[in-house]
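One structure coming up, written as structure tokens, with questions to follow.
Chain IDs A, B, C and D follow the sequence of writing; residue 1 opens each chain.
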Amino acid sequence: MSQEQNRPKPIKYNSATEMPYCDLSQATMEWNQTGTWRYLRPSYVERTPSCQAACPTSNDIEKWIKLFEKGEIEAAWGAATIENPFPAIMGRVCFHPCMDGCNRGELGGSVNINMLERALGDAVGEKLPVATPFFEKSGKSVAIIGSGPAGLACAYHLTRLGHKVTVFEREKKAGGMLRYGIPAYRLSKDVLDREIERLSRMGVEFKLDSGVRDATKMQELKQDYNAVFVAIGAQKSRPLGIPDEKTTGVMSGLDFLRSFETGRKHNIGNRVLVIGGGNTAVDAARTAKRLGAEVTILYRRSRAEMPASEEEIQAAEDEGVRIEMLIAPKRVIVKSGHAAGLECQRMELGEPDESGRRRPVPVEGSEITFESTTILSAIGEQIETNIIPSSLRFDNGALVTKSCGQTEWNSVFAGGDIIEQPRTVVDALCAGKKSSIAIDCLLHGDNLDKVLDKIQIGDTEYVSMARYLQHRTGNSPILSTNSETELLNEIVRFEDLNAAYFTKSSPNESPTLPVKDRLNGKSFEEVHTSPSEELRNDELSRCFHCGRCTECDNCFIYCPDVAIAKKQSGFDIDLYYCKGCGVCSFECPRAAMKMSEEPTEL
Amino acid sequence: MIEIRFHGRGGQGAVIGGKILATAIFYEGKFVQAFPTFGVERRGAPVAAFVRVDDDRINLRSQIYEPDHLIILDPTLIKNPATFQGFKKQGWVLINTKYTPEKFSEIPGLENVKIATVDASGIAVRNKLGSPSSPIVNTSILGAFCRVTKICSIDSICKAIKKGVPIKPDANLAAAKEAYEEVIFKSVEELPPTDGEAENLSNATSN
Amino acid sequence: MSKKEVLMGNHATSYGVQLARTQVIAAYPITPQTQIVEELSEICARGDLDAKFIKVESEHSAMAATIAASKAGARAFTATSSQGLALMHELLFWAAYGRCPIVLCNVNRAMAPGWSIWSDQTDSLAQRDTGWIQIYCETNQEVLDNMIMAFKLAETVNLPVMVVYDAFILSHTYEPVEIPDISEVDKFLPPFKPKYKLDPSAPYTFDPLCTPDNYMEFRHIMEEAHEGTKKAYLDVAKDFSKRFKRKYGILELIDAEDADILLVTSGSMTSTTRVAVQQLRKQGEKVGICKLRMFRPFPTEALKDAIGNLNGGHRIEKIAVLDRNISHGGGGIWSKEIKGALFGMSTAPKVFSYHLGLGGRDITPDTIKEAYEHVKNNDQPKETVWIGLKR
Amino acid sequence: MRTDPHLFKQGEAIQNYEQKELMTSGHLACPGCGGALAMRMALKELGEDLVVVIPACCWAVIPGPFPYSNMKVPLMHTAFETTGAVISGVRAALDIQGKTETQVMGWAGDGGTFDIGLQALSAAAERNENVIYVCYDNEAYMNTGIQRSSATPEYTWTTTTPTEFPEASPKKNIDRIMAAHAIPYMATTSPAYPHDLMAKFKKAKEIKGFRFIHILASCTAGWKIDSARSIEVMRLATETNAFPIYEVEDGEKYTINIEPKGLPINDYLKLQGRFRHMNDQQRESTQRSVTKNWEWIKKQASNS
């Protein structure tokens, strides 16, 4: 208002004697309210980058990339860990759907977010910073069954939300599939230990070697705790369903992988067959390869249908793993009570099945035999349903839940591989977070459905903890840096950007250990290594920062009406003068502005 | 004599609107005069246009200072003090807006004024006149104006539009007719009479 | 110390410009003005005058550059003739309405077609409504003196001044001229210090768009300045005469006491008229001369005053206005102005109007006497009479 | 953050941008005016020790009427055809008063430059006056309501070249005319490339003698474009070679400052209502002439 009073006023001459003797201007035009010319008014907004919308944890990648690029590493880590507790882990094991969403993909290739996330996790790793809780202690307690990624994520978020969390784990170490399912050459156990240690220091209590082994224990926990989160995963290998699969020399891929962590050693011999096309199959194959065996993966469909990540398949091939496509096992060939090979049948692809993939159909008379010293079966995992109370329903092999993993017992939630969702680490983190929010709502008596409307990213199933915090407190630690910036739940697509401001550039590949080093001497060292600072910075600079103001100054530079001023941080639009031309918004490279209809003020 | 003032913005077609209205009334045998504000026009900047109507030859060539009716092509111009300057409160104020007249009657100074409203922008956009961000609303508003003031028939307006618009005659005709139907106002009989109105009406009949 | 030299009119102009310490000159050659700029080029090249001389590509640009220089705070000058002045027409307004105190020397030359380089006042008189002060000179001394006075006058009233004299009759005629000492001129004409100028330390905008709200006031303010110019000229002339012992007024009466008929003249024809009047006086004719120096602002009161107060109120019966110009369809330009000026005056004389000397046709004492005979022998003025016309 | 190096680099190329604004808000340019933006950018680089001269053109109105102005530097309005002469006169007056460092800039539209002002411009250039002459070119007489000038491209609609009889002759090549004067500096630029525009004013400031800068200036009303796309359209003018950005020193040394993407001319034409009536043949013809001109410039650049 004071600004309005300070505006120059128009000059009115009542007499020629008041005027200069010639047509000469000495006064400014700043009295002239050209803002009245406006139909549309510009404003600053924050939209959701497409990478974030593609990430099940709705990780605000743009935010931490921006801070990381400025060299504010701890702040970047702080921003990243709002949604995702484990940058160092996810930078190693995530199949990074964010990169499929990345708009940079249209102009040279997606930003190598996965590499950057690892770099961020490693940059702070040794310092062991601890994420601080957002709220005072609530006095409420939650039990979590299972310390895999879903359980850990739920524990992490609930702790930050102020609740006391106890994690029950039946193994001797926490980590679940992260520890027992993922080989060390992908995720070093030191990193995993470090990250779990961080959780302990936050105040998460781990009860190891004391897992829930029957349904009655679950009932007790339900009574002792304000809420329970069940994240026991899917640990049981699915049987092959062929004759003699119980023969010595045939084992589950998952057991094989777990053995490395539990200390049991298997003599697998020099010729290993792996059955299956998922990540467990590939992990088992690459591990076997590292033990010196000749390894062949047998898969009943074609390569395009393999559920394992393309990068992992490629790495396996680089390391010398053979992959035989369109082969299905028929029976185990037993010699001297030991599996000596596998009789298989060639397949061809027929009509699509219910999964949308073309169904493999046996080709008559195409039997083929493979010799083996060990057969590893990895055609999927099943849930150990016996520890779940029988009143909770299963459907199609997964526990039935309502939104955010809530079971029919209101205070009991479930997430991770036990429920119907993609069996990936990042989906497990997503489930842990969603349930943590649902539990928090339950403990606060908040209406979950209404809350979900506010915190869902676009039309995805993913939720944002940052937005949840904003809902709870009125402001958020990482959303808009500027109070005048409106948050829009709109996802920025490539066509929303002003591509004129970006040039094509190729992504930087993550540095990897040479193949020869992987197979001898350094067998179980991580295949990927942290990028150099130079490489990392170059990759950071490739981010478009979709939907977010980077203070590039375009709006300021291009305003023909000098109506945009630079502030300490951000910009100020003087609506007294803004004619609403829309140039600022159009020239914003990253869709961080919008034009909206001028309100009729009465 | 009846004096009408249009308030619009550069590019909205206020000047052409004035010409079309004058032409329509001329078709009904009256003497008319239409003229713009004399000066430089800028897209979006507030502009005015004027129409005079009389039964006899119009000799007055000065600008209009005390209009009988106001046609406001852009609702944001309500904020501009120049809009209501000199307005004779017996006449009509026709506003292009989504709101109903009641909303404007709350504005100090407009309490007892006859207000009509029509969503001319919406009608123009539906008929693809101008762009959604800057619709050309002149023909729509004229349809509404002739309904409210009965200053001429909608047929005359249509005839004048056909002659007067540079492009899209059919879309403009359709817009005028839609606005004729959609305009929101109370008929004069429904309105409480004011002192000035009685005087104005007698003036009108003596013309 | 002043000195006397035999100078052509054009060089008298150049000297005047030099003595006034003019800072910017922008000019384009045209006969019969060319020697002014030739001489000034020399003077500048020699360093006798510290000025910037812009050799522009047209008179239009000459005037534009002169205006610009004036706005930017420099004392500025240009010279032209006839077609050149006509080409400047648009910018003559710009100079006057922009209140630029610039000085222009116009050597009167007939307008084409037919091509004529010879004397005729129509070129300058046609610029009547541009807002310029116009001063007409009779001798080369007047040219030099008025050039210096013109700058002082212009800078006093913030209006441009056109100093005018006849092609060849003065421009190319050598006669003795007293040239004042520059140190004396400096005292008379201090450096140019405009109130407003283009100056980054006080960033004004000059000559912006002017709406109907203010335009008329500017015309009024300027009209008042024009009115004030008549007194201002007298003040300047008084100061000049104090320093340089030569007197100037906005009009001058010669042999007017007891005259029944006055011949009204301007420019160099006045001198020839002096000869004719002397001859007529010897013959006992009661005839005198009223020489007008200023055309704009028009000296209406001075004229009425002069005519009304001769010889203790002796009534002038008739005046004969000698016009070396023509406003086609309107007659002699000076005579129209005079008729207008005297209208409503109870003792106004009858005004007779004569065209003579157009396009450089020589004016001799006999030409003047022919006009006198006509006015003497006619009771009522009718249409303008053409003297010396082949019929 | 990566941005196109042609455009600008954050915090680097436009060092002066955050300096004082030498024109204020409240001016009378249409929303999205390229000419208004060009002035804002130019003033930032030229600084306060400056006198500006503006003839009849949009900018005669933009600063506002008496007693107001949006300019914080001295400004003189003048008659349409006089810019070249007036800047010469101002220069002379400043020089004689010892203010030789003060820059003098003439700022004229395309009509005032290509047409009515060409004579005075040519003369001032030939005299090598120590001034900057800027032509902000919106390719028609916009201030009078969109009439064709000799800067109007072939086939363009204006109110004097209606769509049935669009502009019949190609745009006059003022750049070659000015380069032929062998002046110390001739450059083209556009507000779509603020980095280039400001670098050119910076460079021009360091040069003595006549400097001619030709700026493309979008006109939302005359080009019939959405005001928000004002910069976009100007950018496409360069990317399609319709308005190449280059400079010529001493009439000889050609340098191409913006390497265009060489997009098809239709990318530029299709955004503008003034070209909407064009047929394929006309578009192809425009493509040919644009390409020819660009090849010519490239040849000059490679020869110098």
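Brief remarks on what is shown
Keep in mind that, in the parts below, contacts are C-beta pairs under 8 Å (C-beta built on N, C-alpha and C of every residue); 3 or more make two chains touch, one makes a residue touch a chain.
Being a predicted model, the structure only gives us computed values, none of them experimental.
The interface with the greater number of C-beta contacts, when A-B is set against A-D, is A-D. Taking the mean of each chain's C-alpha atoms, the chain whose centre lies closest to the overall C-alpha mean is D.
In terms of their C-alpha centroids, the spacing between subunit B and subunit C amounts to 58 Å. Distance from the subunit A centre to the subunit D centre is 50 Å, each centre being the mean of its Cα atoms.
The distance from the centre of subunit A to the centre of subunit C, each centre being the mean of the chain's C-alpha atoms, comes to 91 Å.
In subunit C, the residues that reach two or more other chains under the touch definition are 204-208, 210-211, 214. Chain contacts: subunit B has residues 10, 42-45, 133 touching two or more partner chains.
Residue positions 13, 19-20, 23-26, 34, 37-38, 579-580, 582, 595 of subunit A each touch two or more of the other chains. Subunit B contributes residues 10-11, 40, 42-45, 131, 133 to its touches with subunit D in the complex. Residues 9-10, 42-46, 74-80, 97, 99, 103-104, 106-107, 133-134 of subunit B touch subunit A in their complex.
Note for the complex: subunit A touches subunit C at residues 13, 16, 19-26. Taken in their complex, subunit D has these residues touching subunit A: 1-5, 7-8, 10, 14, 17-18, 21, 23-34, 36-37, 40-41, 63-64, 66-70, 191, 194, 220, 226-232, 235.
Subunit C contributes residues 23-24, 26, 50-52, 54-58, 60-62, 64-74, 76, 90-91, 94, 198-200, 202-211, 214 to its touches with subunit D in the complex.
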